[in-house]
Amino acid sequence: MGILLLVPILAPLAAAALAAVLGWRRLSAWVTILAALSVLITAAVLGFGIESGVRFGVGDLLRVDSLGVTMLLVIGTVGTLATWASIGYIDAELAHRHTDQRGAHLYGVLLPVFLAAMALAVLANNIGVMWAAIEATTVATAFLVGHRRTRGALEASWKYVVICSVGIALAFLGTVLLYFASLHAGASSGQALDLDVLLSRAARLDPDVTRLAAGLLLLGYGAKVGLVPFHTWVADAQSQAPAPVSALMSGVLEAVAFCTLLRVKSVVDLSLGTGFLRTGLLTVGLLTLLVAASMLVVQKDFKRMLAYSSMENMGLIAIAASAGTRLAIAAILLHVLAHGIGKSLVFLAAGQLQAAHDSTAIRDVTGVLTRSRLIGASFAVGLAVLVGLPPFAMFASELSISRALAGAHLAWALGAALPLMVIAFAALVRHGTRMLLGPPDASSPAIAVPRSIAAALLTAVILSVALGMTAGPLTDLFHTAATQLGASH
Amino acid sequence: MTEATYTGALDLAAGAFLLTAVLIVWRRELSAIVRLLAWQGAALAVLPIIEGIYQREPAPIVVGVVVLLLRAVVLPILLARAVGTEDQERRESTPLVNTTASLLITAGLTVLAYAVTQPIIALDRSPTTRALPAVFAVILIAVFVMVSRRRALSQAVGFLMLDNSITATAFLITAGVPLIVELGASLDVLFAVFVLGLLTSHMRVAFGGTDLDQLRELRD
Amino acid sequence: MTTALHNSPTVPALGEGARAAPPAGALAWLSGGLTAALGAVGVALGLSVIFGEPRQLRIGWLLPLVGVRLDLDPLGGLFLVATGAVSIAVGIYAVGYAQRERWARFPLAILPLFVAGMLLVPAAGSITTFLVSWELMAAVSLFLVLSEHRREAVRSAGVFYAIMTQLGFASILLALVVLSAAAGGDAFSTISAHVHDLSSGTKTTVFLLTLMGFGSKAGLLPLHAWLPRAHTEAPSPVSALMSAAMVNMGIYGIIRIDLQLLGPGPNWWGLTLMIIGALSAVFGVLQASVATDLKRLLAYSTTENMGLITLSLGAAILLRSSGAPTVAAIALTAALLHLLSHAAFKTLAFLAAGSVLAATGLRDLDKLGGLARRMPVTTVMFGIAALGASGLPLGAGFVSEWLMLQSLIHSPADGNTTLALAMPLSVGAVALTTGLGIAAMVKAFGVGFLARPRSAAAEAAQEAPASMLTGMTLAAAACAVFAVAPALLGPTLRQVLAVLPTVGGHAAGPQLGTFLRLPGVGGSLSPGLLAAALIIAVLLTLGLSRWGARHRPAAAMAPLWASGADTLSSRMQYTATSFAEPLQRVFDNVLRPDIDVEVTHFAESQYLVEKVTFRSRLADPVEQRLYTPVIRAVNAVAEWVRGAHTGSVHLYLAYGATGLLIVLLVTR
Amino acid sequence: MAAALQVVAVLAGAPLVMGGMRQVRARLEGRAGGGIGQPYRDLRKLLRKQQITPQGTTVVFALAPAVAAGSTLLIAAIVPLIALGSPLDSAADLFGVVGLLFLGTVALTLAALDTGTAFGGMGSSREITIAALVEPTILLAVFALSIPAHSANLAAIVSAAMQNPGQVFSPGSVLAFVALVIVTLAETGRLPVDNPSTHLEVTMIHPAMVLEYAGPKLAVVEWASGMRLTVLLALLANLFLPWGVAATDPSALGVLLGLAAITVKVAVLASVLAAGEVFIAKLRLFRVPELLAGSFLLALLAVTASSFLATTTQ
């Protein structure tokens, strides 16, 4: 059983190795898709094969619980969509000479490495390894962000690497401090950073040191989630990265980082009580929402708009996490999954728009719905998902988050967040309408949709609708994850 | 090694560590900064070696030697290569904060570090943790260097300083993190510096320089 | 008159793109049929609940983390019936309308979904289900509003609508989750069982927030501004559904949450409702009376009527807490009856306006006219609707407005200063509303349908196809019932009233028979008898005017006097703008028209005028005073945040460093 | 029975009231006047003229006079002019009566718009403006009147006033009376709101609306406006001075007494009105709202005074 835990990490790595050998070929691309799919299948097997409970693999280096399974589902789902769409994307980039064979080669190698790093981050038992995996995602995506090697891409990747690395470095410092506290709580040096050990000894951690560690971890992983104050890379990186990579960064990477934050929170809450991180999460969550909503209002670039929408959602789940109840955690997980799929939709559609117009300015794009039914509808559905309209799942998750907040006596936070969300909604609807509706300009270029991207988009639309109707067995999974994270009722 | 020599050696290493950081803030010559960084790496490597000698354990010494190789040799060389050949690139252009103010801020940050580390020292009063404030101060100084330096390379140096200081903190308070974590972390740092170096050279091609003030095209 | 708020669409501009889509015959039948069928189901279900047992349904797996819980009681049943009935008429109408206007597939596909969403709202048995169906209804209606998205006016109306409806939703969401958290349950039944444990602060918060949210949906001031935009730009069957059925949900929310769940509230709740209701009614009708866009006029009339209903609801609360439950029951009956009759005549009005729009491509009253000869059935239909909207005898709105006035004048006079001031002022407000409402409807009917056509498009108008006429006829029949035989609704209203604690359950409501009698207070009315007597009197007059007919020469036709010109031109007629001009001048201070008169002289002489340009813009003053500053503030904050993101990596790192310092200082 | 008599009396008496008022005015202005019977002669003349339908008008134009007249007749049948207890009394209360009154106004307004002439539009626009502004005053006055009787039904109001004659001179009642007088003037198109005998088109309201009527239709219009004035004056008189109104199921003598009483009351009121009109000029159209606002205030005071008074007497 333990060996199964290695699949989500090794399968993408194998695909990367193959891509390294073969270069950008159909075969390696399909193997990459299969690798992503294998992550999804592993998640399904892990989730439904056996009764709930935490399992370990490779000694106690890897660990899977319901939260891990959920995150693997997200990685697998969005990863499959993104790798699938990558075929069409890279072909088009090659055709338009935005990249060369070397660039494509690099892309083919780094994308599965990125997936593997994320899988490791959610499966690691040791929070140090978790940290290393998260930092590895930065390294892996640095060149993906700068893939086009234009000035903008270069600038974005520099900022991305520098800002994220500083943030993550602070998280490392926090990890070190937690290790220190854990050692002094009597843990043996080899296991002091293991989650299960930390959880079992949480009550004996030195509160002063733990508080410092928790603050640094929140700040550090917050950088990767896209929370204030290290949020400044998000828009640059996600707007410059290739569409499938943007989808992964926005839909999965941020969520994975948030999942580590949740794990840390479960330890810290046991040690310090819920008050400390609650204050912290609320502060950064609300500030993030404020920044995201404001930037959405003044936005002129549709890819940056999508990036700020990610920030908005991350801010929201940070606020939700501060409630910390079972309902809140379950809602966060649903939110993350729905957001991942929705973001894939909009980013992949946006990628085609960018390819057609060679611009990402909102004002350059009009009448998409009449020009390309598929791209227009995908973008519209994606936006509807993101702004939380029923019948899509983010409506249910936002509703549940609201209930959880009110239930945790945080109605005031909800009251502060809702106007900001309405502002964000207003901005997204305004920009979306501007792009999608209306008569097409006579001079508008045709929007090409490669088959693989069309397939990915259709799949994502179907998934979005289905998830909006019912989460089926996932509901139990989410609730178990919440219980395992020590959430109260 | 006696208790007193041990404490003295630790303090000396930590002091040297802090000193290199202050000098990096002071100096503007890029090659000098890189050299200082190498010295800092050496000071960092000394910490586990002292520990190993004192405890009479080989493992920390091995770790120290690896660290020495990586931080005092490999990474500075990587950076030095990225400094490039052009003359005008060798000096830091006027920093955002002038040298005097920078040094004053550094002093302030050091004081802050002393204040902040008190809870950690309180938990474990040992010679190692007593040296912690000096190392912790470098964390703050490193961040300050990254905020105030205009050249891409100076920022990379700042990042490395940050990483050095965190590693040093780990050595001082926990005698290093578990091996697998250390391995992962070092690998990440290596790659990160590699990436930063590569980006710097790309930047030189695309922007004709490495002044980070040029990176202001992406905004709303 | 040019108004900045709308452009009068012309024939080619309408659905230009939709023309490219394939003709939607079968789809139109399917969609319209489905809509009507859903409506019929709603009516049947509603009636079965009103006169039978409450029904419940729970589906746990549907909607992740939320589940669906439906609980039907007579109150919900009443709204099911209203929504369903409107949907039947609209569904049938839509079959013809969609074909004539060549609707695209998407709006046709989601039309039934809209009805489904609206039927779910009153059926919801828990706050989550309520919120889901509420937002579903809002979202689908938004997409329907956007169906003619090729026109700029439609897009901007759609965006405006989306934002305001989301704002309303946010406030309802906050209120309801606070309520459910405080009461410790999600289902309405649980909440009502624990409502006594709530602190008055919680209740007040919930009341104010729901009032904002539901008020916005009902088009009440000051969050009404979406209504004249969205209802105007939506395709007419959709306008009918929105204006006659969807806005009712706002009232439903107020009744369900604020009157029923939170119990009879304190006095000031009632007073607040009355003030908001009165302001909305007067403001709405004032805007309607100066509007020149037919659909905009009808939309503002919706605000007016919702205001009247809210006023009555407030009066019910106030009367109940002043110890007059019987009179409170009259007020509540008036509110519910008016809601139903409004649904009937507003459906009819929008459908008739839709057939005018379909026939001429015009909504601008200043360009219409002369339709009575070209579209006789539609004209009659609109006439019936307008009569209903003006609250005159024989009209659908008469009985409910009468009940409203009766409840207001029969407040107990026991030295209660609040009542002694509130009631006469309310009577004044209702009266002014009725008076101006008459003016608005006379204008709409007289200028729009009578006289001579004012444009070529109006001249070429043709009567609507059979399915559209059938839909309208159904609505007209409903209007007739409200006008002359409201007794038919007596049992229904009695059942509904019994479940509303505001009345107390024991207080007998007014008896709706051939004669309406108000128990406890004097007052009776028989609309049926009155109608019959009036018809007899008119016939009698016609007979009397035959006196001396033997001596008359044969009847003849003659041209009208053209004030000395050769022939009477349609440009000599009064237009809607000129018709409303006296009212506009009287209410100058409220309406604040923006008038430009530009006189161009001939070059030769100062005294010879070449042309005079007159431009009058009527914007919504509430919008200008309230919305503009808010939007400006949001933009200012957004600009400030944008200014903080300069793109400098140093600055960005400095933010991080600041965060680090704060963490270090806070955690030590 | 009494109701039928009321209808007949109003039908027959309306021209007389008009003629009487014109005669009073003429005499006061120093003219000889056409005599009290002149309106009858006018009506007969008009009824024998050719029926001419203007081109382009619809059935609205044709039916409006009948609706206006019919609604007034119906009012005459409802209100207690001669005796209480009309069979239609419980079919409509004072609010219903006001509604019927407006129905007549609206019919003529629509007819004026239907002609499509500038004058028609002008007249109806002004008429409807005034009607809209009159409505609040009327309904508030109704409110004030209904307070003592606890009902807006006419029989109840009149019988309450008969049982408690002192109440007529209460402040509330007086204020309501003044308010009602003003709205009656506005509703019937008398000075200072409108000038019934003007021929200057720009100043007219009601005459501008009916400008296109001729022959028998004009007769009905004229007749209707006479009846409207008569009914309103009679109603006004009986609401405040109900003396002489016969009880329910009256004897023949009671009916005769009632008839006499109402004749006297209407005659006095009409003469006072006509005499007053000699001394006042027509208000500018945009000053009319001020007058109506004043009457609204009076009515409001009437209501509050009544309700506070009702409190103190209890």
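Odds and ends about this structure:
Chains: A, B, C and D, in written order; residue numbering restarts at 1 for each.
Everything that follows uses one rule, which is that a residue touches a chain if its C-beta (ideal position, glycine included) is under 8 Å from a C-beta of that chain, and two chains touch if they have at least 3 such contacts.
Only a predicted model underlies this, so the values are computations on that prediction, with no experimental measurement involved.
Per-pair counts of C-beta contacts peak for the chains C-D. Centre-to-centre, using mean CA coordinates, subunit B is 69 Å away from subunit C.
Separating the CA-averaged centres of subunit B and subunit D is a span of 99 Å.
With centres taken as mean Cα positions, subunit B sits 31 Å from subunit A. In terms of their C-alpha centroids, the spacing between subunit A and subunit C amounts to 43 Å. For subunit A, the set of residues touching two or more other chains reads 158-159, 162, 166, 208, 211-212, 295, 298. Shared interface positions of subunit B, i.e. residues touching 2 or more other chains, are given as 116, 119, 143, 146, 155, 212, 215-218, 220. Within subunit C, the positions touching two or more other chains are listed as 642, 645, 649, 653, 656, 660, 664, 668. Touching chain pairs in this entry, ordered by label, are A-B, A-C, B-C, C-D. Subunit B meets subunit C in the complex at residues 96, 112, 115-116, 118-119, 140, 143-144, 146-148, 150, 155, 212-213, 215-220. On the side of subunit A, the complex with subunit B involves touching residues 61, 126, 128-129, 131-133, 135-136, 138-139, 142-143, 146, 149-152, 154-159, 161-162, 165-166, 169, 172-173, 175-177, 179-181, 183-184, 189-190, 192-193, 206, 208-209, 211-212, 235-236, 239-240, 295, 298-301, 304. Touching subunit C in their complex are the following residues of subunit A: 158-159, 162-163, 166-167, 170, 208, 211-212, 214-216, 218-219, 223, 228-230, 232-233, 290-291, 293-295, 297-298, 327, 330-331, 334, 369-370, 384, 387, 389-391, 393, 395-397, 399-400, 402-403, 405-407, 409, 411, 414-415, 418-419, 421-423, 425-426, 429-430, 433, 437-439, 467-472, 474-475, 478.
Within the complex, the subunit B residues that touch subunit A are 116, 119-120, 122-124, 139, 143, 146, 152, 155, 159, 162-163, 166, 169-170, 173-175, 177-178, 180-181, 184-185, 187-188, 191-192, 195-196, 199, 202-203, 206-207, 212, 215-218, 220.
On the subunit C side of its complex with subunit D, the touching residues are 289, 369-370, 372-373, 390-394, 398, 402, 405-406, 408-410, 413-415, 420-421, 423-425, 427-432, 434-436, 438-439, 442-443, 445-447, 450-452, 515, 521-526, 529-530, 533-534, 537-542, 544-545, 547-549, 551-563, 568, 570, 572-574, 578-583, 585-586.
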